[in-house]
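In what comes next, subunit A is part of two complexes: it sits with subunit B in the first one and with subunit C in the second one.
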Partner chain A sequence: MEFLYYFGDVFTPISFGLLLLGTIGGLILGATPGLSPTMAVALLIPFTFHLAPVQGLILLGAAYTSTVAGGAVSAILLKIPGAPANIATTLDGHTMAKQGKGAQALQLSFLASAVGGVIGVLLLIFLTPVLAQWALAFGPSHLFWLAILGVTVIGSLDSASVVKGLLSGCIGLWLATIGFDDIMGAQRFIFHPALGGGINIIAALIGLFAIPQVLTMFAKGRNAANAEVIDVEKHSIMDAVRELLRRPKALSIGTITGSVIGLIPGVGGQIAGLVAYDQTKKFSSEREKFGKGHSEGVIAAESANNAMVGPSLVPLLTLSIPGSPTAAVLLGGLLIHGIFPGTDLFDNHPDVAWTFINSMLIGQVLMCLFGLYVAGLAARVAQVPQSVMAAVVLGLAVFGSYSVQSSMGDVYVMATLGVMMYFLERFGFSAAPLVLGLILGPIAEANFIQGSMIAGATDGMASYFLTGALNIVLIAIVIASIAYSVWMELRSRRYTSKEEIMA
Partner chain B sequence: MSYVSLPRVQHIVASGFIAAVGMWVAWVSYTQQPAEAFLFPRLISTVFVVLAVWTFVKAILGWTKVGHGVSRRDFVWLLPGLIIALIYIFWAAKAVGFYTAGTIAFFMLLSFYDPAPHGEAKTWIKRVTITAGFLAVMYGLFAMLLKVYTPREIFF
Partner chain C sequence: MKHLLAGAALALMSLTGGAATAEDYPERPIMMMVSYGAGGATDFQARIVTMTAGNEDALGMPIAIINKPGAGGRVGWNWFATQAEADGYTLAAYNIPHFIAQSIKGGVEYSADSFEPIANWGADPAVFVVAKDSPMNSMEDVVNYAKENPGKLTFSGAGLFVGHHIAALQLEKASGVKMAYIPTKGGGAAAMKAVIAGDVMGGVNNLSDAFRAQEAGNVKILGVFDLERNAFLPDVPTLKEQGYDIDNASVNFRGVMVPKGTPQEVIDKLAASVPEMFKNARVASKMKAGGSPMHIMTREEVQAMWAARQETLQELLAGL
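And now, the complex of A and B:
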């Protein structure tokens, strides 16, 4: 119950102000199609660089939580999911809005998000310290395999093509080696003076997540076709609460599915929402109503995608393995403040860890309260023309990446990686494993080198890295995640695609 | 003569480029000294080359199923924005001044991609107002709040 001790720290004026700012800003950003939660968090990182670690993390955590929930606004009112996690919400949410039940759909989505989110964060609170203590048993070989596991799991599960996902991870691992070697001081792959200090994580995150979105908006041309916003009529909040309580099955299936999927690194909110929707439909006595504006569809999808947020941070805060692309960006946010996940975080920085986690718990409640009020505004913001959005995001990306070290080299790295990622995405590569490789690369290398030194003095490399129960379990998980993804790829898509839903 | 589609040619070029990068990384890793500094790069470059060559061979055989490439229409619309952005980032920001270059680039991008009719005065007033708002927010946020010193050069 250590977390209770740090509860008051969330309510200091600056921390609470940042929590409010992150929540309200995140709701609006989340509702804006084209601005994914990952990109929103990446663009916010330069600002957190100028804040205390705990304040920076509160802002990022609030933005993460509320962008996922905010995405429901445009999903319901515009039939455009604000984020991939809200795809399942469009199925019944938009139909409800068209039937004049937009306010009820929004209220249910925020209430279900809050319930799912609170349970997800409670899971984070109670599981994280246990796993962090367990991580104490990890030696260099285990930490090396864990870093590789992080890259391969996201590379294989988060990508449409397993080979391209793993290749993206390899590119990220290679990019992480650019610069001076830590032990020998040797220059590695420095083919431009801007790379002398290695690749700055923040500049890379901004480039990899923001620039491809900007270029995608450019490629759409002069897009005048703004989606029509469905007007929201008044609806009693108490009626929405009663409706939610009348649907315990949808709420519990959504919350449990989201929590379990959140714990699996790399799977993400999109899958959580769709699986929860599918399972709720299977177990519902009114399954024929699904897709025709049924409240259970909204409740299941939204409780699942927010229940996923807390558990997705469990592997991140204990083992440095992010559960989602946005969690990977959060890991970058932790590392730039010199904070390493695992026991170090809970032993040496408990104030940072627990205040951050507590802020996410309170953030769920704030998100529900404000979500109901800013939904209308957020839907209007979602109509901002793409020409404005692209220019603003480009400006923020340039200024943000420069501001970290006042270095034009970082801006060049940001732009080069961003343009490269745009074209890579066109050919089926994914940014998430590349980012994971870039972030986990130094951890993997440091432990690989340390492990090889130990191996040299003991039984040799093969014995040190490939034997022992924990090594074998980790290697088995790496192989299993790749094998499962290959099997899924061969079996074609199991879940409803975004294109099928939007059709 | 068999017809080779544009996406397939693009896949071959893209995966060929990645394979070439992978081979360069492997070559540097295995030839540069001290060898201890390149131990980890050797490990990852080996996997990198295997996966990249696999992807390249699949592209040549036409087995690539993921990724649609870049259509001509997309490329035509993308190119002006990309050129403006690259000139802004790689030359103007440092040569002209960060805020001036940022404002000009913002205005150009906004005007080019805005679907509103170019002949109306109202449209231009709106664009200038939005650009002025952008400059004010950026200056307030970065220069005044975060105290970031940016390259000034000719202007500011």
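And now, the complex of A and C:
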């Protein structure tokens, strides 16, 4: 209960002012395509040079929290996920926005973010020692199986057909091999200098999601725009709260998956949202509504990606190991003030540690309030004429992919992948499985090679990858996931054929 | 409108064109490219050592950091060697031995001859770490285990052809035993996690990160891959003291460089003022607070160090 003593420190005028600044600024940065939470926090570090350690961290913590949630805005309204965490949000969120339910989607996403986020931070406060052990439990073999578990999701994610889902997953896995390989030292498929560092995930996200949309809008021409002015429905916040409470299953699956997976160093943040989305879909009684603008999809994805924020800091705060790129940036913010995360932080600087954590807790609530305030306004974006919208989105896409690492190469990658995806979409392929392949490929590959190097030096492949409680549990989940997909596919095939006979 | 455009074009030309004369230099803010991501050790230190650039006693103009990460630094350095303007307004941070080792290995568009060093700010030696509950307490224990179990001692490090890898090669060569070096993806942090979690039996890591992990009570540091003991770890002996013929070839030197072809007057001006800028007291205190060892060297010293490193690494990497 130590954290309660330090709540007062969050409410001093300067600290609270910084908290507000970080939250509002974070929402705006997060809503800008290409500015991922990592970038937003890195941009703010120089400002903390001049602040006291506590105040600097409040600013960084608030910005981290609200950029993750802010990413939902561009994911829902523009179908540009600002970071891998928001991919799953586009699936149902953007469809809702296109149906004129953008306000509802945004309200739900901010409410779900706040619930997930608060629970995630509470876990960080109460269970840190236990969680630290859990974070360390995942070695190369376990991360490999976890990535394979992600691969089993690919087929069923946002595609009409499992085969097409798997095919686009394969394209993603191939794209992931491009670049210099850090482990074996090989150079693969570098046919342009811009590809030396591999495909940047943010640039790829922007290209794959935004560009096909822009092309579709342009393809419709100027006249068609008048024909489909979308009515933006007003949606009261109370209704959104009621809707959220009617979906406890999506909310709890999202929050639990997000906080459990968010803990795992190097993997968590990127796939938490997608795994939560998939699990919610599998357990939902309204499975067929997913992908067509269903509120559960938004709730699961957004509660998961904010639930991840708190636990993802556990390895940093307890073991001094940054588990995610954003945590690495936060580490820099701590070091600059001479504070070492780890036991030193909680023993000698409890005021810094707990004020930082408390500010994330309050930041979640503030973020939700501001988010709800702007949701109704922001949803009007859907009424912007398509020709204007296409130009704006294209501008944002170029700006966003350039700003990731100030490189024109990323803009070329974004444009190329975008044009490719436009044609793939016309043949019924979709972007989400492709991106999942792109994310999981390097995780599976690097951990398999590392694992096999360790296994080769010690007890051999079979015992390294196939024995041990955690390995066996993960393998069992993989098998269950595949079996479930096969069963669902067979069942739906039987139904279709019946309908066809009836027709 | 046309006049406006023409005016803007003229202004742009006068900005980009025209070589900087030494007296006026610098007359606008300077950019420094860091070939690692924001938040990494190189980026973090680069931001600290350049924070006083705008002072009158330094360059009088601020230095802005631009990150071009990817492929262990190759992306940024390739860009710097081939596309950066050699006008003195584009600097870059170098990491030795990384870029020299990469250029020896091939597949990149730069070598030590593509760049002109300005000054060195830091030296982060590699150290050997084991988990805190490991039975090994000295480098001798480590080597003895490897002798009894050839090729079975697993130890982690951040990737290939970086300081950690060089240190690993030197250790194998000096002790004459075979060990299993496991490069990790995700830099020193991932390599350290592997040690703490017990995925591997030991690891090579940065002194600054290992020092922090030891403070947190997670690891033991068994040896420093440097010529002398380090001020942060006065009790940890060097590998040389423990009987292994290992020099400072793996020490991660960080400093500032410009592309070849930068006007000599600009290089001279930078070489004179940048080391002074690093000596600023505020810089020193921030670096110390962050656990980053400083090591200021002038242009001539860095040139000699680069040449020496080129030779050692060529020999060390010849067999690979």
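Couple of notes before you dig in:
Convention: the second predicted complex is superposed on the first by the 267 of 503 C-alpha atoms of A that agree within 3 Å, B and C clash if a C-alpha of one lies under 4 Å from a C-alpha of the other, contacts with A are read in each partner's own complex, and residues count from 1 in each chain.
Here is the rule we use: a contact is a pair of C-beta atoms (placed from the backbone, for glycine too) under 8 Å apart; a residue touches a chain by one contact, two chains touch by 3 or more.
From a predicted model like this one, the values you see are computed outputs, not experimental measurements.
By the touch criterion defined above, A:136 lies against subunit C but remains apart from subunit B after alignment on the C-alpha atoms of chain A.
When the two complexes are overlaid on their common chain A, residue A:406 makes contact with subunit B and with subunit C alike.
With both structures placed on the common chain, the touch criterion links A:166 to subunit B but leaves subunit C unconnected. Looking at the shared chain after the overlay, A:183 reaches both subunit B and subunit C.
Once the two complexes are overlaid on the shared chain, A:428 sits against subunit B while remaining clear of subunit C.
The intersection of subunit A residues touching subunit B with those touching subunit C, taken from the two complexes, comprises 183-184, 406. Within the complex formed with subunit A, the subunit C residues making contact are 37-40, 43-44, 47-48, 51, 66-72, 74-75, 78-79, 82, 105, 107, 109, 151-154, 159-161, 180, 182-186, 189-190, 192-194, 196-200, 212-213, 215-218, 286, 288-291. Within the complex, the subunit A residues that touch subunit B are 47, 50, 160-161, 163-164, 166-167, 170-171, 173-174, 177, 181, 183-184, 186, 188-189, 214-215, 217-224, 385-388, 390-392, 394-395, 398-399, 402-403, 406, 408, 411-412, 415, 419, 423-429, 444-445, 448-449, 452.
Residues of subunit B touching subunit A in their complex: 10-11, 14-15, 18, 22, 25, 28, 32-34, 36-41, 43-45, 47-48, 51-52, 54-55, 58, 64-70, 73-75, 77-78, 80-82, 85-86, 88-90, 93-94, 98, 102, 105-106, 109-110, 112-115, 130, 134, 138, 141-142, 146, 148-151. Contact residues on subunit A toward subunit C in their complex (touch as defined above): 38-39, 41-42, 45-46, 49, 136-140, 179-180, 182-185, 187, 193, 196-198, 200, 265-266, 315, 319-323, 325, 328-332, 335-338, 340-344, 405-407, 442, 446, 450, 453-454, 456-458.
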